[in-house]
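What follows is a single structure, written as structure tokens, with notes after it.
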């Protein structure tokens, strides 16, 4: 039996999406088929309008549907703090934490020579032009080898700007038992301990 | 910060799909945003055309884009065999096995009183009208309690048709070690053993 | 700090046991240390007495603490049926199923040239001397490539004995949905289907 | 078939150990049976000698085979630092990190009213008698609710001693991507960021 | 050392698959209802054994800050093969849904547990499964503190709102047999009740459904139950 | 966005279970050898498909700082049912162990991949599987840069230490047929070699084993191979 080609194409397309393997793609396709017509139309419109309305903020390179993104155009946020992250999703995560009220800068990746990603492929130049001596730049790239390398590279590049540079804390994730932390993290948690006044 | 609403809506929509949690939905949304415009248009068209072109075959209730589905309209397939399955995906799976050359009947579910699914919610009446005394009806519903109950129910309903009724074999899945089979399966595998000539 | 050597040795020993990683080994060691003295003595005695009292049955090569194992010495069991399995644990599993009342033969492994296990490393010769033309030999090795190869090898070797030889059934495990069965298993489940009288 | 009772007892005993379920216990029992006699004897001796030789250090309550544990009797370690942990395994983990050269205090648990563990069930009184104004007490209980509650309780109890009290750092585990950190951890990682000089 | 692993033995009341592909299982034990999740609904030997109505022993792993324990090992203790028969399946579904609906979390209910186990065995083998379900449904309600009251032992009406057998002309009118049954069900043994099946049960089913709907809520299996009666 | 999921299609060279209960699988692809782990050796539909000699497409999830990717989904592309026959199984095991032994990590080996796939198909269907194995073993070695050399095309000795066909009286003495085979095997097509099977192969097996032992190390399947020859 040949499967209906529109179904096959849909399955093939879905299986290319990140994190969706061949089995899930088939399940998804049947799921979508069983949704009412108007839902499918809504999904299609959502996809198109998301693509159409969204672009990168010219200042922080986060995803936005405004000319300047909502963070960059919010005068109540600390204008002298820039939190540097790898991906737009990281902005979302930090915002959800509610602990940060400054600006962002999205690099759109991390330096990874093995994958052919050099500093020039990231929005690093644009960061350097934003930073003045009054700024605090918070390096919030991930703590993977690539994230650390990117963080180190940025420290060097930011030195001439005379801005304050800081790195997010290493330590124990909240809610964890010590036995589940690896020794490197544990070492960092000990050496980075905080005095309780 | 408020996230762009088109992005939020997309994330919310994707997180409703089966097998996609909130984290994956966000990842997917950003992935889709990073695809070129024409790819997004293609995906949207795929979704719409899949929905538009596909419907249930009026004979076997499998998903198809033809008037009668490809299996039902294939004269070379054994017309006197009907394999009864729960879902369209099961047809795909059995076809891939290459072991079956008859027709199908898709019930679109299994009897589950606790979930409010009685026999009347499935395409059972339509099956009964198809079956004649010359048919072999192969019950290929799953081996869960729900699938077994459905199979038992169908056996009773099919009795008056005088068709031959058979049930797919229980036993050890191919590629497995005995220690992973539970005792019920193992018992079936022993009692259903096949003589080697 | 050097850890107490008796603790380290215990952890190292436990981490060698199947299914116990280094983390669990440490956890177990501390758990054992926290047990009362008499419990530890009981465990030590259990280990020693299990090793001392147990040996392989000279007829079926299952683990036993009798001269002849309990199955082999049970006159009510069908003496003309021999179920051939890879490991003693398989006997336990089949017994729990309650579907079998014959004798066993434990091979203690499956043929695996890559791991240096040829037919001569298994209790195959001993099986061949047991089998007479009146026997039914049920091949219940696993359905992995290694188990299948062993089953095929035994079929050939058993042919001259004129015994009836059968193979456990392939099919769907009880309790499963079709979508989880791979196509090979599904094919076997269809082709091995059973008529319902 | 009744299984050999020494085997059954061994399986039952093993299945009581933490993290070992009924299936793993059976596997382990067969594994142990297949080990040579001298190995089993060695394991039994290990168990007994571990129990016999080990006890709690009268100063820090870590597990040791010396009168005073190796850390407590090591004059080169910083005598004015006490790292408070829940379990002996935590000492092992911190030692492996190589970042700490002071002393320890093992509480043997965390406060958990739900499980009937109050402060009096832990070695807290013994800690309070150790601490002088010159000490730095590093609270390294876990970051779970129980660990936090214990840490807070200790802060209160330690206040009158005038010792310096600190808490291990919260933050991102080393090697992780931001997207995998929960928002609470992320918030802590941002607010606890370290200036790079 | 706190233990994160727990072994629990009980009857599977319900299993459902989340959109995420995980399987959530409700287990009735003498100590209440426990829920666990089996990741990804993959047919590991574990999930295969997590079938409706079965008696299993599971190992539950409790993670930090998650309320649903993870099912890590499953041992099948017993399965009743006849519960899938068309005349039995809706009845077994109904009893399990009822118990799942009423029992919430940990509570001491050894009697309810024994009654449900007995009910399933009865449904599996008795030649009048409908009577088993009817008797055991009332008994289960009683064990959960939801027995109806008897205002008048001679009453021939059942007032579902108040949950009483009454002689006032309100609610469901009962046959003499049914009235006698309702007046005595919570005082008689299961064995005695089973030995005196009642041929006409329409009104008892009506009473049961109305009583449950009023005092516990609507069960999904009512619909299927009615369609097969 | 970096992708942590990768789809890889290849042939399963080896699978082994760790003491921990995980299953580690070696996969040969045109781009080298990949290893992945399937957790806990539970017979998820995935692990069931991860059988020796099979052609599969797997989804590998790469976690931070772990070199072994996690096998998350498996699609069976093809399985050859006759490889378990007693006269074929040790031969298939031998070829896979050889390739698993020599190929280390990522490398561009489309030819080796095609040869192994062809060899397994040949073993599955050809009525002289031993000849298939012999020819393909030499071809596989050649594709991996381990071809023996020909010092003298008329030579009738094989010097395994130097890996040469020679006329000097050293090493294994060859029949005329075998010497001709060894002189030409790397210049002839598989088809041509298959069309001219050689009845006497004892010395060729000796050459092959000695050559592999000297230049690649001992294979475990040699022992079983010898016992069934």
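The first chain written gets the first letter, and so on, giving A, B, C, D, E and F; residue counts start at 1 in each chain.
Going forward, contacts are C-beta pairs under 8 Å (C-beta built on N, C-alpha and C of every residue); 3 or more make two chains touch, one makes a residue touch a chain.
To keep track of the chains, here are their UniProt names: A, B, C, D = Recombination protein RecR; E, F = DNA repair protein RecO.
This one's a predicted model, so the numbers in the text were calculated from it and none came from an experiment.
Colleague: Going only through chains that touch each other, how many steps at minimum separate chain B from chain E?
Modeller: Between chain B and chain E, the shortest chain-hopping route counts 1.
Colleague: Which chain's C-alpha centroid is most distant from that of chain E?
Modeller: F
Colleague: Fitting on CA atoms only, what is the rotation between the copies chain C and chain D? Please report it in degrees, nearest 5.
Modeller: 180
Colleague: Any idea whether C-E or A-F has more C-beta pairs in contact?
Modeller: Pair with the higher count of C-beta contacts: A-F.
Colleague: More than half of B-E's contact pairs recur, by residue number, in one of A-F, C-F or C-E. Which one?
Modeller: Match found for B-E within A-F, C-F or C-E: C-F.
Colleague: Measuring centre to centre with CA averages, how many angstrom lie between chain A and chain C?
Modeller: A distance of 50 Å separates the two centres.
Colleague: Distance between chain D and chain E based on Cα centroids, please, to the nearest Å.
Modeller: Each chain reduced to its C-alpha mean, chain D and chain E end up 44 Å apart.
Colleague: Taking the mean of the CA coordinates per chain, how far is chain A from chain B in Å?
Modeller: About 38 Å separates the centre of chain A from that of chain B.
Colleague: Using the touch rule from the top of the page, what residues of chain B touch 2 or more other chains?
Modeller: Only 17-20, 27, 30-31, 87, 89, 144-145, 173-177, 179-185 qualify.
Colleague: Send over the residues of chain F in touch with two or more other chains.
Modeller: In chain F, residues 1, 42-43, 45, 48-49, 51, 64-65 touch at least two other chains, as defined above.
Colleague: Over in the complex, which chain F residues touch chain C? Could you list them?
Modeller: Answer in residue numbers: 14, 16, 19-21, 45, 48-49, 51-53, 76, 79, 83-86, 89-90, 93-94, 96-97, 220-221, 223-225, 227-228.
Colleague: For the complex, give me every residue of chain C touching chain F.
Modeller: 16-21, 111-120, 144-146, 148-149, 151-153, 156, 180-185
Colleague: If you look only at chain D, which of its residues touch chain A in the complex?
Modeller: 83, 85-87, 89-90, 93-94, 96-100, 138-145, 147, 155, 164-179, 181-196
Colleague: For the complex, give me every residue of chain A touching chain F.
Modeller: 18-19, 21-24, 87, 109-110, 112, 115, 144-146
Colleague: Give every residue of chain F touching chain A within the complex, in rising order.
Modeller: 1-5, 7, 57, 59, 64-65, 72-73, 75
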